[in-house]
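For reference, the structure is listed below as structure tokens.
Each chain carries a letter (A, B and C) given by its place in the written order, and its residues are counted from 1.
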């Protein structure tokens, strides 16, 4: 796949369709891959990479990139295309300056999972036939790719691209039966005290690095309320449990109905807080209260918090919730 | 006689066009409502963003109520319909975090419903009083 | 040199904790090590290092500096400082121990930061030599020996126990307080362990990284280099790298209005944030490129410039492991060197 993508990118650069390519750049190790813009065939040859560790969702970079001179080629995985559509619906990216190539994704790997298995000193990873042969300074180890799959990919909602100009590889399907709400349901079934204890335990680890917000393709405000010195919030100070609750409730609320559930927030959290469980709660509630809605699936759809129905339920109505 | 009886602090965001006038109505009809209810007048119930509510709790509120026009009667046509959706989600989220959602409420009270205003506030104050002090959304820095 | 049998580890912790609060790396809910207070039954993590650094103990993420109470026209300034109680940090790695020396150069020089000094004076650091370094480790680049860490006491994990060596008076006192649990030993076992680990360190992928061409006097050379654009282009502007970094030392001071007074607190700042060093006149660094450059120039050039050539990085590898987009100081060092070679 990587070779196909590189070849296509070079062709589109050569024939002038695009003047830049947004993709992933190889790092020091097999897994530390950085999003990057490539301008020449040479740059692509030197560093372009697409493998199981290319986890970053590239769509948000287009907010800036699509406003630059010329057209840019972007490679989008299925879940990234939902973010792309959502940004399009919100007029945050300029479609005419972007050439989208959809690339398949069968689930991304999480190096933390390898490390949790005690695999350290990784110097190389050979990926083939569903197994990873991990070379380390302490000897080689073989791991099933499925065992190293990122948490978010274990409950993948869709392997189908909802937008593209061109598709490389096979198209996948939407998985209506994915188990992505399992953990939300488990939490809902707990007592309020248990839920409170769970979230205190998780959110108290927050170091206010703002990575969850900054990586989020739905968080594209010119200035975040938490960066406004006049808002009175302690944006970078991990001071009290209140500030932690405030930040995480407001962050999740502000993307409610717009979050496509790409899972970037949880992926980047240095403290491994399951932030996607906040977003998924809103998604699940929206589905239950106002009918099934998948942000990004249809750029023409009305966002659930930007519309209403006269027969909507009252706030706080309906069972315990 | 108990002198230090616990009185919850309650913030009521009232829509200028209905509930705020409803509070006036309650006053002129000499209908009592608890003195611990502090009213903040807003141009529409949909002016209240979730941050206002959380901030009220931070600053010492034990309960927050939003009072707006009945659905269909919004001065701006549809503001309260948006309020309804937002608050349905927010309250559910608070519950999900294990924070007592009975501390927050939305009620539709028209300008003519002074009696409803009085009754709603009394009931809400009683509910919040039974829950006791807000502990789960408190900010220790703001405690005296 | 002293030796502690493995079976005596918990009694050893108990004895230390009897005299002072004892903090050591413990696995948290998600299996990551963090420094936690020891109490009966708490097991030390086997992880190579804690997710966050140990600098929190001397330079916490937030702390109150003072309070103001207002009554009419009268303002009372309340000093909230309290004498810190004695504490012991056990299991600090060589990189973090070296970071304390870097922070000392900032906070213990005139004017001395009394908040920091207070904690430094009351803390005793017991370091633990690394046994299983990771691919992200590059402390050797900055002349740090992972097999012989600094600290008041240095410990080495051996097959059947721990070798302990006091390096300072504080360290002598600490070992004396638990003398009943220790026996005398020679250095042979430690030397064998060091040789084993040094062989691993030499095989690490970053073992060849040097500071050659970086450091003092390189401001003019590096400041306007074209590499910064590509290096910073994917940066999210989050504070992860700075908040897990053991040597990042910038802070902001803010007032919080409690409704009945003012709390003046300081909190870690991050040069990656848009309001970093924002002043009344505005912000001197308006783009992410400038802010990104500040972080690395500070560690690789400005800090050495002002501190006898000592680099502001200890090679702990936390930013390598944590950056959401995997951009980090190693990539920056390599790009700057490569760019310099091509010029």
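As a working rule, a residue touches a chain if its C-beta (ideal position, glycine included) is under 8 Å from a C-beta of that chain, and two chains touch if they have at least 3 such contacts.
For clarity, every value in this text was computed on a predicted model and none was experimentally measured.
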* Chain nearest the global centroid, as defined over all protein CA atoms shown -> A
* Considering A-C alongside B-C, which chain pair is linked by more C-beta pairs in contact? -> A-C
* Once you find the CA centre of chain A and the CA centre of chain B, what distance in Å lies between them? -> 37
* When the centre of a chain is set as the mean of its C-alpha atoms, what distance in Å lies between chain B and chain C? -> 47
* Asked: How many angstrom lie between the CA centroids of chain A and chain C, rounded to a whole number?
  -> 30
* **chain C: positions in contact with at least two other chains** => 256
* Structure fact -> Within chain B, the set of residues that touch 2 or more other chains is 141
* chain A: positions in contact with at least two other chains -> 232, 239
* Structure fact -> Listed in rising order, the residues of chain A that touch chain C in the complex are 27-29, 31-37, 56, 61, 116, 120-123, 136-138, 201-202, 205, 207-211, 213-215, 227, 229, 232, 234-239, 267-268, 270-272
* Structure fact -> chain C contacts chain A in the complex at 28-32, 48, 51-52, 61-62, 132-136, 200, 203-206, 230, 233-234, 236-240, 242-244, 252, 254, 256-257, 265, 267-270, 273-275, 278, 320, 322, 324-328, 330-331
* To do: Sort out for me which residues of chain C touch chain B in the complex.
  => 256, 258-260, 263
* To do: Note which residues of chain B are touching chain C in the complex, please.
  => 59-60, 141-142, 144
* What part of chain B is in contact with chain A in the complex they form? -> 50-51, 54-55, 57-58, 71-72, 78, 81-101, 104-106, 136-141
